[in-house]
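Down below are the structures I want you to see.
Same chain, two partners: subunit A is paired with subunit B first, then with subunit C.
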Partner chain A sequence: MTTQTDRPEATESLDTSGLLCPLPVYKAAMVLGKLREGEVLHLTCTDPGSLEDIPAMARQRGDVLLASEDRGDTQVFWIGKGAS
Partner chain B sequence: MTVAAQRIEPEPEAPPRKKRLALVASKGTLDQAYPPLILATTAASLGWEVGIYFTFYGLDILHQDRFEKLKVASLANPSGPIRVPNLLGAVPGATAAATKVMKGWMEKSRMPELPEFIDMAQGLDVTFFACATTMGVMGVEESDLIEGCDIAGAAAFLDFAAEADVQLFV
Partner chain C sequence: MTATLSSESLSLGTDAEARRFGDIRDLLPNVHNPTPLVRVNRVGTLAGVETYLKLEWLNPFGSVKDRAAAYLLAGMAERGDLDGRDIVEASSGNTAIALAALAALAGKHLTVTIPDGVPEEKKVMLRMLGAEVWETPDDLCPVNHPKDGAIALARSLAASEGGSRFAMANQYENEDNVRAHYETTGPEIWRQTEGNVRYFVAGLGTTGTITGTGRYLKERDPSIRVIAVEPHKGHRLPGLKSFKEAKEPGILDWDIIDEVIHVADQPAYEITKRLHREEGLIVGPSTGAVVHAINQLGDTARGIAVGISPDSGSKYSSYFSDVLGDDGLPKI
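Let's look at the complex of A and B:
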């Protein structure tokens, strides 16, 4: 996974450390559902599946994965809320 | 007599259709109840429309008196939490032990218990189809089921599934 270093300014932050699928996606979707188009969720995950799951979630929901960092045990994502 | 041709107005543009997931949940053990609910809550989180058809033993997942007491089979379950020969799996208490081990795994992994998954799914508007034939065969009344189930036959579920992008039998 490529690491992008631009860190967009986040509107909301969510830490799902220690949680496994489906909870990171479920909880992220709950927060994204409350954001307005263009607002940004800063999401922290430790579920190894998140590396694939979070980009897939953004794609399926019509949100935009703005940036991500793979820090080994932890993955961090910045997700821009799309038009819904 | 002449009939005036009706002017056909163009249909207003329909919003893009949501993706749809149709699941069949046919098993009534604790371990087999999780996968359909995990898939359903995930798909609904992705913005998909989701329906689960609970049929045969799977209907226990919607049964008020049973859904909190689902068990893991210790017999004929070589991948189960307690890996013992079938002869020992039949010993009284083995099913309870296997169930306890799996519940311990789930708790340690901070996975929600089944009732919480059901709440999550219903909160995301997942449709719970309760198989009408199973209810008749197994003597289950509507009042035995948790709130918010649609009692449906196979045709009604297939009508939903026919428009689904993903259909899975669990």
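Let's look at the complex of A and C:
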């Protein structure tokens, strides 16, 4: 298990288990679009591509990847909503 | 056809000669019920060439994609793909509109992933038809993924959850798309021109039209020239694709295509405007691109050219308002 930082408190949770890229990216972007600056999305993925795609998506959108965990079959991310 | 008389109601069957149809699907085109071929008299300017447009927007669901959608759906049903599943497809609108209508008639639901830049009119029409519309940016996947985010998203919807929820029509890879045009569009054009067509011109998009129609016509007469119309990279011609930025569909057969004519947005829109104003043909922008390409065939071109007019201008009023600027407004 890889832990990037401590686990932040989440405002919203989204479980994309079983969904393949780019569905997790699409759904995560939709939820993040509804959050306010500083609020946190707790995102669960099972597609290994998410390890690269989710941090890249967060960077592109101007959001902040606060923490991530690679649990083998599952990847978990905490993403802070940036300024729109 | 016969009328069925019961004690409670009279039911008239389909009678194509009387233009009476018992079901909207009976209006789908075939060699006995072709879409019209109409001569372009004022905007087709090339000496020695008679330009005809095949008005595919007179199909029941409004575009050339009615043909592909009917064949795609029939193929999926035949293979059992629809047993317990709904349909997902990536589409810039026309295929989805036809699929949504046909799916609803078959008791199925359509989810459509739609790329950036599709006019609002099409998105609203899809929702009116009961489809679920997922708007998708082309660069959806930020890492190691090509353009065409809508196709990637439709694929992932079909593959996710063990493929249990959706079957993908997959117009870009499904040979039923080609077969639709090989069995309908090609024979219609051959018959309507009495075998005298010399040039067949169609835009590159999913490429089912050019591959299927071109294949049929080449089999009848190998000297018929099949011309593809390709927009420039970063274009704004809905329904057409530049393969400099989009992945080539699996169904595309380059062996059938004799020449590719590249068309820029501006001349395509200018010709579209002229088709409206001088020919009374209320066509979409891709038809303007096709007629512009026919006008570029060269001085030695002779004979009948048939271009595909994929859809009507009614779905593009938001695009046309940009192109028009203050044209048509009172000058005060």
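Here is the rule we use: the second predicted complex is superposed on the first by the 81 of 84 C-alpha atoms of A that agree within 3 Å, B and C clash if a C-alpha of one lies under 4 Å from a C-alpha of the other, contacts with A are read in each partner's own complex, and residues count from 1 in each chain.
In this text, contacts are C-beta pairs under 8 Å (C-beta built on N, C-alpha and C of every residue); 3 or more make two chains touch, one makes a residue touch a chain.
In this text the structure is predicted, and so the values were computed from the model without any measurement.
By the touch criterion defined above, A:60 lies against subunit B and subunit C together after alignment on the C-alpha atoms of chain A. Applying the stated contact rule after C-alpha superposition, one finds that A:49 touches subunit C and leaves subunit B untouched.
In the overlay built on the shared chain, the residue A:37 is in contact with neither subunit B nor subunit C. Residue contacts after overlaying the shared chain place A:20 against subunit B and subunit C alike.
Touched by subunit B in one complex and by subunit C in the other are residues 18-23, 25-26, 56-57, 60 of subunit A.
Across the complex, subunit C is touched by residues 18-23, 25-26, 49, 52-53, 56-57, 59-60 of subunit A. Within the complex formed with subunit A, the subunit C residues making contact are 134, 136, 140-145, 149, 152-153, 155-157, 159-162. Partner subunit B is touched in their complex by these residues of subunit A: 18-23, 25-26, 28-30, 56-57, 60-62, 84.
Residue ranges on subunit B touching subunit A, taken from their complex, read 19, 38, 41-42, 45-48, 109-112, 120.
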